[in-house]
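Structures for review follow.
Next come two complexes built around chain A: one with chain B, the other with chain C.
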Partner chain A sequence: MSTVTLAREGLTRLSPGAWLRRLARNYVLRRFLVALAKIYVVVTLTFFIVRLMPTNPIEAYINELIDQYGFTYQEARDQAAALFGLDLDTPLWQQYLQYMGQLIRGDLGTSYRSKGTPVSAMIAKFLPWTLFSVGVSLLISFTLGILLGMVMAYRRESLLDHVLSALASILTAIPNYLVGMMILVFLGVQWKVFPITQMRGAMSPGMKPGFTWEFIKDIFYHATLPIMTYVLTTVGSWMLAMKSSTISTLGEDYVMVAKARGLPERRIVTAYVGRNASLPLFTQLAISIGFVVGGSALIEFIFVYQGIGQLLLNSINYRDYPVMQGVFLVITVAVILANFLADFVYSWLDPRIRIQ
Partner chain B sequence: MTEQRLDGHLNEEYILQVEDLWVSYQAERGTVKAVCGVSFNLRAGETLAFIGESGCGKTTLGLTFIRLLPATARVERGRIWYSRGTEAVDVLAMHEQELRHFRWRECAMIFQGAQNAFNPVLRIWDQVLDTARAHGETDKKKIRQRMEELFQLVQLEPRRVLRAYPHQLSGGMRQRVLIALGLLLNPSLVILDEPTTALDILTQRSVIDVLRGLKERLQFSLILISHDLSLAAELADRVATMYAGKIVELASVWDIYYRPHHPYTVGLIRAVPTLSGDRGRLISIPGSPPDLINPPTGCPFHPRCPYTTERCQEEEPPLQAVSPTHHVACWHWEKVIAEGGERMLTKAEA
Partner chain C sequence: METVSLSLKRTWRLLTYNKMGFLGLLGVLFFILMSFVGPYVVPLDTQTKVDKIYQPPSMEFWLGTDSEGRDIFSQIVHGGKDVLMVAFLAGFISTAIAVILGSLSALAGGWVDNAIMALADIVLTIPQFPLLAVLAGLVKFNNITLLAVILGVLSWPSLTRAIRAQVLSLREREFVEAARALDLGTRHIILREIMPNMMSYIAINLIFAMTSAIYAQVGLVFLGLVPFSGQNWGVMLSLAWTRGAIFYKDSIWYIMSPVAAIALFQLALVSLSRLLEEIFNPRLRTSV
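Then we have the complex of A and B:
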């Protein structure tokens, strides 16, 4: 059609200015650039905040070396400089450029707790488990929430609706670490439903990673309790959001017209009500990814699960600043990318967004 | 029941026979009596227009025919006979599955304010396909061909429209898409609820032309619901005037416009400028529409009527045949005709 040929001609004929304008109108590209800009801003802010804090981590570390190990100031300073991989005498802006240069090459520095280990390697080891457990949880709770929310909307004012609504409100109100503790104390210790010591870690010792049934079963087994906690604490808000969204969708003219057109109920429930009602929830999904990843530290600590949250807690305990900085960076990037992805999915699901 | 039918024709001639239909809504303030004892017959191929001020129960009536009333509504009484070939089926007694097939394949209702009639996230083609599949049509090629013909009839560019999402079409286009989609399965009965409201004058004009063209080319009976009298005048064979949930006058379109018997009809006709530009004296009907929770006693129009007598306040006039083709519910219709409805006009001006 005409738009396709136009676009093809655009490759050869349009002036660079017109090309840029055309690119600027591309929704996905625009979103991607915004995501990159957000990452850049957060990285830059983290860099300067760490260095400009009244007791900046480097000073704190120097003082620690002096107090605990009897280093002289100069020795301590050299040691710190070596560990952080910085020359403390170079001006801040030069350090910044250096840091950014390293980052672009994927170099996050080295941990000083486990000397010489690159931060990126540590993150690569811990991050997949968090992504796995949080990803599976969100998938489960999102799907479950949408289904239950629709049931509540279709049966509104029934006993089932009242019970589910009350349950959802309660679940939404309890912080996730409390739910984690309750699972640990009651299901793990008191009633011994779960053998919690056996379930520690991200997988059983000696398990060989790979696409084997054994391995997949094992990682799900070990992630059961964190997943349970995440699902319990997020499903309520999905249910309530989906219920109200479904109720308002049910009042839309197009649902009435679909009935008048004699469409089967099945088709109306899925393609006309469900799909449209769940659209607004996709934006919330992005925000939720951020919250769950951010809130994973305590849960992973409670269940001794080797994810990025555990890594963050350890690095805070040991004042392993490069690791801390690296984890923050990764969480930031993960959240922003999740936002970008959700935007993208939303624009793919809702044609009205694509056009704007 | 037969004596309640308005004329003595044989059943087979009618596509729809409505007998003493009563519909009410349960509202917070009380029971809204939206349709009160409506009876009429619709001949195959005929266009019957329902006119009346907003709130007199026209949409409720239409929704009852396809059984899509909201949960707060109740059909208190009545029968709706739909002729399927030689047998007549009671629409109100249909069960879910039969109803689903009745809707759109046999009776298509095109709603008031079709602006949001389409699912915003599905292309028009997908919604066409949904409709066809729901009624067992699976041959995509045939469906596309039929739809393209219909789009041509409603003056739309078939290829572009089929590929479009609803928001890419203007209000007038969407209205015409819905009309075309309504005819996809060759229904024998079409209900059009206010097809031109919410459209600008030019678009209204084109929708009217489209409807006329369709009526000439395709065989279907049409119930046209409108408060736009010029629309009714252009399309209808017969016109029913509704007031407070009742038919107060039912006659051929010519009789309604040139020999209205009911003061309310007189008022309605004089309340709009005619398209020809001969405006006569333009009036609006004094007083406010009736409260359907506590309707007036006797004739529901009596509080606004210049012909009111004591009898009107106490006794409700039945819808009676004053000629084989003209029915009116008024005690004083003879006076109204004799004066040409003059009192209605002077009261309004006073």
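Then we have the complex of A and C:
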């Protein structure tokens, strides 16, 4: 549809039907609904997967009570029901409706280990640290990767390109937790560049959260090693992707035209080549957010950083099922939202894909 | 005779064309040989030797000794089999699912296509590692086959999409139409015309599935979520970590040996995938 007809349509008063049709064609709205549907399906899937597992946590708990504490079956069952906050006699579909009803109100249940603590409060305590460290890392590695990728494309087949390409391939191949471990062993212990035991945790004990220079400096200090690991292990794929994208953009006609018009080289590099070449990388950004947040458990474990991954691990070790489910849910929703956001940003940056 | 030596020469030239890739191939072969044949040559050192704790590498202990004075090299040799088996099995399962679902999706079309693509989209959205961690809390992954099946079942979507797109575009191509016009049969068209064109996707994704299977399984074992017993690089890593091997100068060989083994195997796999990409996709080659 051309812009002219769109504009004309906007001038005339729209009938309700046409208005609805326009709404249905709205790109952002459509993506938003798809994202919501995805969240719904994943929540439902995990609900049933967890409950249909061969070792049902509730039964395992009931058996434990009977075997170890001599409870009768009924007593053990009541105890388990009270602990897990659900009525075992209600059929699965009713439990499901109840669970969904709670979720819509933002209620994730209460922890089983720290009795009475709402899961949402625990997540609210741990999640910001993961978002902070992963967010800063992705920002750094994305920017760095785009810059280096462009340098590689402009200087392709040079020594610099070969060295950077090899480095990028090596960095993307090694699992991030191994890179983290090497940082700990070499920079932390062998060469003593970083005081690793002091840098543990998300902030220094006794530090008051607030918008102060002290606090900001402190949280960056504590996040240094996780950020370094995330950046090192993700920057390679950005570099390689940006390099190939830049090379293909350099062959486009509009770059040739810009050169022919005698535009300054700097403007061509930024506004023509860089901008267009980085477009496809935004979709990858979403996938990478998911991967990095998902893999945060390992990095946070290695550096003893109190993020959502650490909470997930603790809850698994304590078999704290409500927390496990809650954290998994939050990570999934974060990934889906990131995907949605990336789609949105992409359509905002590249108007071509909106008209389809 | 002449043609045989010529084709051998050609194969050799093809393999060595990409030097990084050739090194990767050698590396992968080395690790396979070491992990599957090595255990018969190098006996596992299980004897605690109090006077030989954290020895540096020597002629007797090639990679030094661990916290109980046992030879690290023999542990590395014996620890690869499980890791490689899980990786190959998971890669094979994920590739098989992807090829079947991808072709089915493209050929059946309609609601089958929509359903498979929606499923792929959802599996792709669920963060893999947390899901595995949660599952590990509920089921005991105490045998490698089960772990490999779960890893394989979670990693098919991206290849499925690629195969679907490839089949959709290939069946409209002229050479497929020509084969159809010559009445060469569905079997011939699928095996001789379409499959060779999908080999590069399949090979690369097989390797990708293998590397992510290694990432996940070693990660799970390292975090203690998968209670593996016996010799395994992940178990070694986990033991070295819990025994505090990162904190001392002498114990660096203990922690770094499994780290290096896993990292080098991953690197070899990734380099090999570059080589395979060029072998199966002649358009990427500049000569030969």
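Everything below uses one rule, namely that the second predicted complex is superposed on the first by the 329 of 356 C-alpha atoms of A that agree within 3 Å, B and C clash if a C-alpha of one lies under 4 Å from a C-alpha of the other, contacts with A are read in each partner's own complex, and residues count from 1 in each chain.
Heads up, the rule we're going with is that a residue touches a chain if its C-beta (ideal position, glycine included) is under 8 Å from a C-beta of that chain, and two chains touch if they have at least 3 such contacts.
Owing to the predicted nature of the structure, the values given are computational and were not obtained by experimental measurement.
Because the two structures share chain A, they can be overlaid on it, and in that overlay chain B and chain C fit beside each other without clashing. After overlaying the two complexes on the shared chain, residue contacts for A:I331 are found with chain C alone; chain B is out of touch. Of the two partner chains placed by superposition, only chain B is touched by A:N276; chain C is not. Shared-chain residue A:V304: touches no atom of chain B or chain C. For the combined model, the angle formed at the CA centre of chain A by lines to the CA centres of chain B and chain C equals 80 degrees after rounding to the nearest 10.
With both structures placed on the common chain, the touch criterion links A:R352 to chain B but leaves chain C unconnected. Chain A is touched at more residues by one of its partners, and among chain B and chain C that partner is C. By the touch criterion defined above, A:Y177 reaches chain C but does not reach chain B.
Of the two partner chains, chain B is the only one touched by A:A260; chain C is not.
Of the two partner chains, neither chain B nor chain C is touched by A:M207. Chain B and chain C never share a C-alpha pair closer than 10 Å once the two structures are laid over each other. Within chain A, not a single residue is touched by chain B in the first complex and by chain C in the second. Chain B contributes residues 66, 68, 100-105, 108-109, 111, 113-123, 130-131, 134-135, 165, 167-168, 178, 181 to its touches with chain A in the complex. Against chain A, in their complex, chain C makes its touches with residues 20, 121-122, 125-131, 133-140, 211, 214-215, 218-219, 222-225, 237, 241, 246-249, 252, 255-256, 259, 262-263, 266-267, 269-271, 274. Interface residues of chain A, counted against chain B in their complex, comprise 252-254, 256-264, 267, 271-272, 275-276, 279, 349-352, 355.
Residues 38, 41-42, 45, 49-50, 53-55, 57, 166, 169-170, 172-175, 177-178, 181-182, 184-185, 188-190, 290-291, 293-295, 297-298, 301, 309, 312-313, 316-317, 319, 324-325, 327-328, 331-332, 335-336, 339 of chain A touch chain C in their complex.
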